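Pasting the structures in now, so scroll down.
In what follows, chain A forms one complex with chain B and a second complex with chain C.
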Partner chain A sequence: MAIKVGIPRGLWFYDYYPLWKTFYEYLGAEVVLSRPTNKQILDMGVKNTVDEACLPVKVFHGHVIDLKDKVDYIFVPKIMSVYEKEYICPKFCGLPEMVFHSIKDLPQLIDVEINFNKSRKNLEETIYKFGYYITRDKEKIKKAYEKALENYSNYKMKLRNGYLPIDGKFVDFNNKLDKNIRSRIAIVGHTYNMYDSYTSMNLFNKLKKDKVDITVPEMIDFEIINKYANELEKKMFWSFGRKLLGSSMYFAQVQNVDGIIYISSFGCGIDSIIQDLFERNARKQGKIPFLLLTIDEHSGEAGINTRIEAFLDMIEWRKRNEGNLSAHG
Partner chain B sequence: MKNCYLGIDVGSVSTNVVLMDDNKKIISKIYIRTNGKPIDAVQRGLREVKSQIKEDINVKAVGTTGSGRHLASTIIGSDVVKNEITAHGIAALNFVDGVRTILEIGGQDSKIILLKDGIINDFAMNTVCAAGTGSFLDRQAARMEIDIKDFGGLALESKNSVRIAGRCAVFAESDMIHKQQLGHNQEDIIKGLCDAMVRNYLNNLAKGKEIAGPVVFQGGVAANVGIKKSFEEALGTQIFVPPHYDVMGALGCCLLAKEHAAKGNKTKFQGFDIINSGYDVKGIECCDCANMCEVIEILRDGQLTARWGDKCGKWSDLVKSDIERLA
Partner chain C sequence: MKVTFPHMGNQYVGTKVLLEELGVDIIIPPKCSKDTLNTGVKYSPESICLPLKVNIGNYIESINMGADTIAITGSCGPCRFGYYSVLQKELLKEAGYDIDVILLDPPQGDYKLFFERIFKLTGTKNPYRIIKALKKAYNVLKAVDDLEDMTYYKRPREKVKGSVDKYYDTFHKDVRMVYGYKAVSKLIQETKERILSVEEDPNRDVIKIGIVGEIYTIIEPFVSLDIEKKLGNLGVEIDKSLKVSRWLNEHLFMHPLGLSTEKETWESAEPYLKTMVGGHARETIGYAVRFAKSNFDGIIQVYPLGCMPEIVAQSILPTVEKDYNIPYLCLIVDEMTGEAGYMTRLEAFVDLLRRRKETFKGEKLLSGY
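Showing the complex of A and B:
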C-alpha cells in the first residue's frame, strides 16, 4: 500500500501545495489533504494551540488533528526563509515544534528545514531530505521535484489569470468582461487568511455576488511587485511583507482599483507593521479607499458584513458622487 | 392622510424608531433598550410610535439599520436595509450643515466617518474589541451604582482627572478598581475613564485620519457630556451634538426610505399590525456537516417567515421555496 502523506490545508498551503502534492505523488505516495476549514477544525485547533498564537496557526493545528489518524506522515516543513536575506513569519519557523508539543499521538512529521536565507546552494540537499521519507532514489527525487516545479508554475499561472484557490479549489474570478461590474476591488493579506473561506467569512464570494471585480496580489506579475518593493527605503525582510508592500505601491501607482480590502488576523505581528505601511501607501499616496478587516475566532458575520457593505456603498458613492444608492447592502 | 417614512435602528443596546414626514420633520422618535430581545424591542418601539401619533398616516417606505437590521426587516417588511455607516452619514449630512467628521459611539461599535464634498470619503470601525463603547460605560455605571444618565455629569465635576488604562475594557476596569481602592474620588475616576475612552478612540479609529471641523458626535454615548468634554479637550475643537443624536441611524433610514419611495417603489411594510403578532425564534444546530451552523428560524404566529445562519444556504433556500409554494 502506498505511503500516505498528509498535507494540512493551512498557512503556506495556498502558496505551495501543488508543488508538494505533485512531488510526493510522483514519488509514489498518496497525498491526503485535510478537509477545508470548518467549525470542528477551528474548535480543535483553538483547543490544542498555545493561547497566544494567531488564528491561522490555530487553524493549522486543527488541520493537523484532522489528518493525524488518516496518514503515515504529516507534512509540516520548518520554513525559515524562502528568499535570500529574507525571513518568513517567526511562527512558521517554529511550526513543527509547536505542532509536535501541542498535539499528542501524531504520526511522524516531515519537518525538514527550508532555509535559503544565506544562499540557495542547499536547495538540492533540502529536496533530497524531503524525498527520503518515501524513497532513497536520488534520481527519482530530482525528477519528482522537476515535475513538481512544472506543476507549481502552472498553478501560479492560473492564479495570475484570475483563478483563485478558494479552500484549495479553483474558482474563476476573471470576470473582466462582465458589463455589470459595480467596482473593482483588491483583496490583500496573507494567502491563508484570504483563501480560507471559513476564516475570511466567504469574503470573495460575497464580493463576487455583489458584482465586484476582484483582484489580488497573486494576479500581479511577480517581477512588477519586486520592482516596486525594491524602491522601499529599507529592504523588507519578511517575504510576505515584501510582496504586500510591493503590491500596495503598485496599486497606488497604477490606480487600477476602486478600493482595497486588507484582511488580517487579530494579533498578527507582521501585519502590525505591514498593514500600516500598506495603508499609508494606498490611502495617502494612492488616494485609494482602504478597509481593514480583522478576523479572529468569531463566527458572527454581522460585523464583517456591515463593514463590507459600507465600504462598497462609499466606493459607489464616491464614483458617482450623487445620492443614488442601492436599496440593499 | 399624511405621508410618512419609518426608520428603525436595531442596535445591540438600543432600538430606535423614527417617523418622519415629507418635509423631513420628525413626527415621532422612540429610543428604547433592546434588552437582548430585538424582536420584542421592535414591537415595543412600533407600539409606542403608534400611541404617539394622533393623525392618520400613510407609511410610504420603511428602512432598517443596525446590527439587527435583517431581523427587523423580516419582521416589519422593510424597503431599505442599510448598514449603520451609510445611515449615520446620510443623517448627519442632512441635519448638520457642512459636517466633515462624525464621531459615533454606540453600544457595541464605535465608528468614525469622514466626509468630503457631501459624501462619505473614509470610515473606520473598532476592530474585534468593543472596549470603549456604550455597553462598557453601562457596565461601569452599574458597578458603581450610578445611573448612566448622571455618569457624564459627574465627570464634569472632576477637578483632577485620574489616568485610567483605556486600551482594553478588562484593563480599564481593573485600573479603575485599583484607583478606587487607593482612595481617589468617583468623579476623578469617571473623568479618567472618559479621557481613556477618548484616547483609545482617537488612537485606534482615528489613527492617521485628519479630523476636520465641523465635528459631530452622535450615537447613544453622545448623551454623555463627560465624553463630549474629553473629546473637545483632546481635539481642541468644538464638538457638535445634534438634537437627534441618539436616533441618527434610524433618521438616516427615514431619509433613505424617502429616497426609495421617491423612485416610485411600493412599500413592503406589513403595517402596524405586527405589534400584535407573536414571534418565536427557534435555533437549531445543523449537524449535516462539520460546520455545524447555528440556524435561526423566525416564526410569526407559528408560521415560518425567515431562516438564516447557514453557510451552505440550504436552510435559507428552503424557506424561500416554502414561501413561494405558499404564495
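Showing the complex of A and C:
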C-alpha cells in the first residue's frame, strides 16, 4: 500500500501545495489533503492552540487534526526562509514545534527545515531530506522535484492569469472584459486569509457576484512588486509581507484599481506593520479608498457584508462624482 | 546635538557611559511611567507590540526635555523589532516631531553606511576611542547586572522590608546626576556595598522562580509591573533568562553567536525547539529547562500581548513543565494590564509553589530521606 502523506490546507498551502503534492505523488506516495476549512476544523484548531495564537495558526492546527488519523506522515515543514535575507514569520519558523507540542497522538511530521536565508546552496540537500521519507533513491527525488517545479510554475501562471485557488480549487476571476463591471478592487492579504473561503467569509465569490473585478498580488509581476518594495527605507525582510506591501504600494501609485481591501487576521504581527506602513504610504500618494477587514474566530459574516457593501457604495459614489467633476471641468 | 535613546531597564546606565565617554551630549528619558505609556499609545498603531509604544513615549518625553537626535538599534528580522526603527521614524514625523534618527542596524554587508552612522553619533572617527568607550560601557553594564542580581537575592531575605529598594531606587536617581565611567562605577560599587550590608532574616523560607520571556518585558521593570520587586516582597528569589549586558552584546558588539552560556541554553532548548524563531523564544525555552534543572521551584513567562516568538514558546512550555515537573505560569502584559489582577495571579502562583514545597518536604520525611 502506498505511503500516505497528509498536507494540511492552511498557511503556506495556497502558495506551495501543488509543488509538494506533485513531489510526493511522483515518489509514489498517496497525498491526502485535509478538508476545506469548516466549523469543526476551526473549533478543533481553536481548542488545541494557545489562545494568543493568530487565527491562521489555529486553523492550521485544525487541519493537522483533521489529517492525523488518516495518514502516515503529515507535512509540516519548518519554513525559516525562502529567499535570501528574508523570513516569513516567527510562527512559520516554529510551526512544527507548535504543532508537535499542542496536538497529541500525531503521526510522524515531515518537519524538514527550509532555510535559504544565507544562500540556496543547501537546496539539493533539503530536497533529498524531504524525499527520504518515501525513498532513498536520490535520482528519483531529483526527478520528482523537477516535476514538482514544473507543476508549481504552471500553478503560478494560472494565478497570474486570474484563476484563484479558492479552497485549493481554481475559480476564474478573469472578468476584465465583462461590460457590467461595477468597480475594480484589489484584495491584499496573506494567501491563507484570502483563499480560505471559510475564514474570508466567502469574500471573493461575494465580490464576483457583485460584479466587482478583482485583482490580487498573485496576478502582479514579481519584478513590479520588488520595484515598489525597494522604495522602502529599509529592506522589508518578510517575504509575504514584502509582496503585500509592494503590491499595495503599486496599486496606490498607479491607481489602476478603485479601491483596496486588506484582509488581515487579528493578532497578526506582520500585518500590524505592513498595514500601518501601507496606510501611511497611501495617504501620501493621495487617497485611494481602503478597507481593512480584520478577521478572527468571532467575526460575524453579517457585519463584514455590511462593511463591504458600504465600501463598494462609497467607491461608486466617488466614481460618479469624479465623473461629474471632470464633465464640468 | 542632544542624543536620546529608548529605555530598557538598566540599559540606560551603559548607554550613558558609552556616550558620555565619547563626549556626546545626552538626554536620558525620564523613568518609564503611566504617562510615558499613554503618550506612546496615543501615537502608535494599536496592534503593534507594547515595547514600541513605550519607546515612542520615551522619545517624546526626551524631546520635550530638549533632545534633537534619537539613536535606535535594530535587527534584520525575523521579528517586528527589525522594523521598529522605520516605523518609529514615521510615527514621530506624523506626531509632528522633526527629529534626527540615527539607525544602528546590523550592517548586513553595508559597513560603510553603518560606520558613517556610528561616526555621526559619536562625533569621532577614531575607532580606538569608540572601542574603548564600548568596553567601558560593557563593564558598567556587567556591574549593573551584578548589582541587580544581588537585589534578586537580597529582597526576599531582607529583615526590614524595603531596605534593598531604598538603596536601589536611590542609585537610579543618583546615577543620572553623575558623569562618565569613573563616577558611575564608583556609584555602583557604593550601592553594592550598601545593599550587601542589608541585614538578612536567617529564618526566611525562600523559594526560587525563574523568569523567562520577551527581552524587553523582562528587563524593563515598568512593563513587567515590577515583577522582581513584587516577587521579592513575597519571599521569592528570582533569576532571569536575559540580562541587559546581553543586549549590548547582541546589538552593539553584534556577535550574538558563540558565547558559551548561549551554547548551553540552546542545547537545553534543542529537544523542544530546534532553531531560533526570532525574538528570544529559544532562550525562553532553554532557560526554562536550565532553571528546572537547577532546582528552581517554578517558571514564569512574561511577554507583551501578540508577541510572536513568545507565542511559539508558550505552546511548548507546557511540555517542559510536564517533563521536569515544575509549575509554569504565563503572564501577558499590555497597556490594559491591571495591577490588582496581576498581583493576585502572582500571589496564587507563589502560594501554590509553597504548598508544593511543603508537601514535597513532608514526603521526603516520611520516606526517610
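Just so it is clear, the second predicted complex is superposed on the first by the 317 of 329 C-alpha atoms of A that agree within 3 Å, B and C clash if a C-alpha of one lies under 4 Å from a C-alpha of the other, contacts with A are read in each partner's own complex, and residues count from 1 in each chain.
Note that contacts are C-beta pairs under 8 Å (C-beta built on N, C-alpha and C of every residue); 3 or more make two chains touch, one makes a residue touch a chain.
Source: prediction; values computed, not measured.
S.K.: State whether chain B and chain C clash or fit side by side on chain A once the two structures are superposed.
M.R.: Partners fit side by side after overlay.
S.K.: With the two structures laid over each other on chain A, which partner does A:314 touch: chain B (first), chain C (second), both, or neither?
M.R.: After superposition on chain A, A:314 lies in contact with chain B alone.
S.K.: Scan A:87 for contacts with chain B and chain C and give back first, second, both or neither.
M.R.: second
S.K.: Taking the superposition as given, does A:35 touch the first partner, chain B, the second, chain C, both, or neither?
M.R.: A:35 contacts chain B only, not chain C.
S.K.: Tell me which partner A:280 touches in the superposition: chain B (first), chain C (second), both or neither.
M.R.: both
S.K.: Is A:113 touching anything from chain B or chain C once the two structures are fitted on A? First, second, both or neither.
M.R.: second
S.K.: With chain A's C-alpha centre as vertex, what's the angle to chain B and chain C, nearest 10 degrees?
M.R.: 80
S.K.: For A:298, using the defined touch cut-off, is the partner it touches chain B, chain C, both, or neither? Pick first, second, both or neither.
M.R.: first
S.K.: State the minimum pairwise Cα distance, in Å, between chain B and chain C in the overlaid complexes.
M.R.: 5
S.K.: Starting from the residues of chain A touching chain B, keep only those that also touch chain C in the other complex, and list them.
M.R.: The overlap between the chain B and chain C interfaces on chain A comprises residues 276, 280.
S.K.: Can you check the complex and tell me which residues of chain C touch chain A?
M.R.: Spelled out, the residues of chain C in touch with chain A are 45, 47-49, 76-80, 82-83, 85-87, 89-90, 94, 103, 105, 108, 272-279, 281, 305-309, 311-312, 314-316, 318-319, 332.
S.K.: For chain B, which residues are in contact with chain A within the complex?
M.R.: 67, 79-86, 90, 109, 117, 119-125, 127-128, 208, 256, 259-260, 265, 289-294, 311
S.K.: Per the contact definition, I'd like the list of chain A residues that touch chain C in the complex.
M.R.: 49-50, 52-53, 78, 80-81, 85-91, 93-94, 97-98, 101-102, 113, 115, 232-238, 267, 269-273, 275-277, 280
S.K.: If you look only at chain A, which of its residues touch chain B in the complex?
M.R.: 35, 38-41, 198, 202, 266, 276, 279-280, 283, 289-290, 292, 294, 296, 298-299, 302-303, 305-307, 309-311, 313-314, 317-318, 321, 323, 325, 327-329
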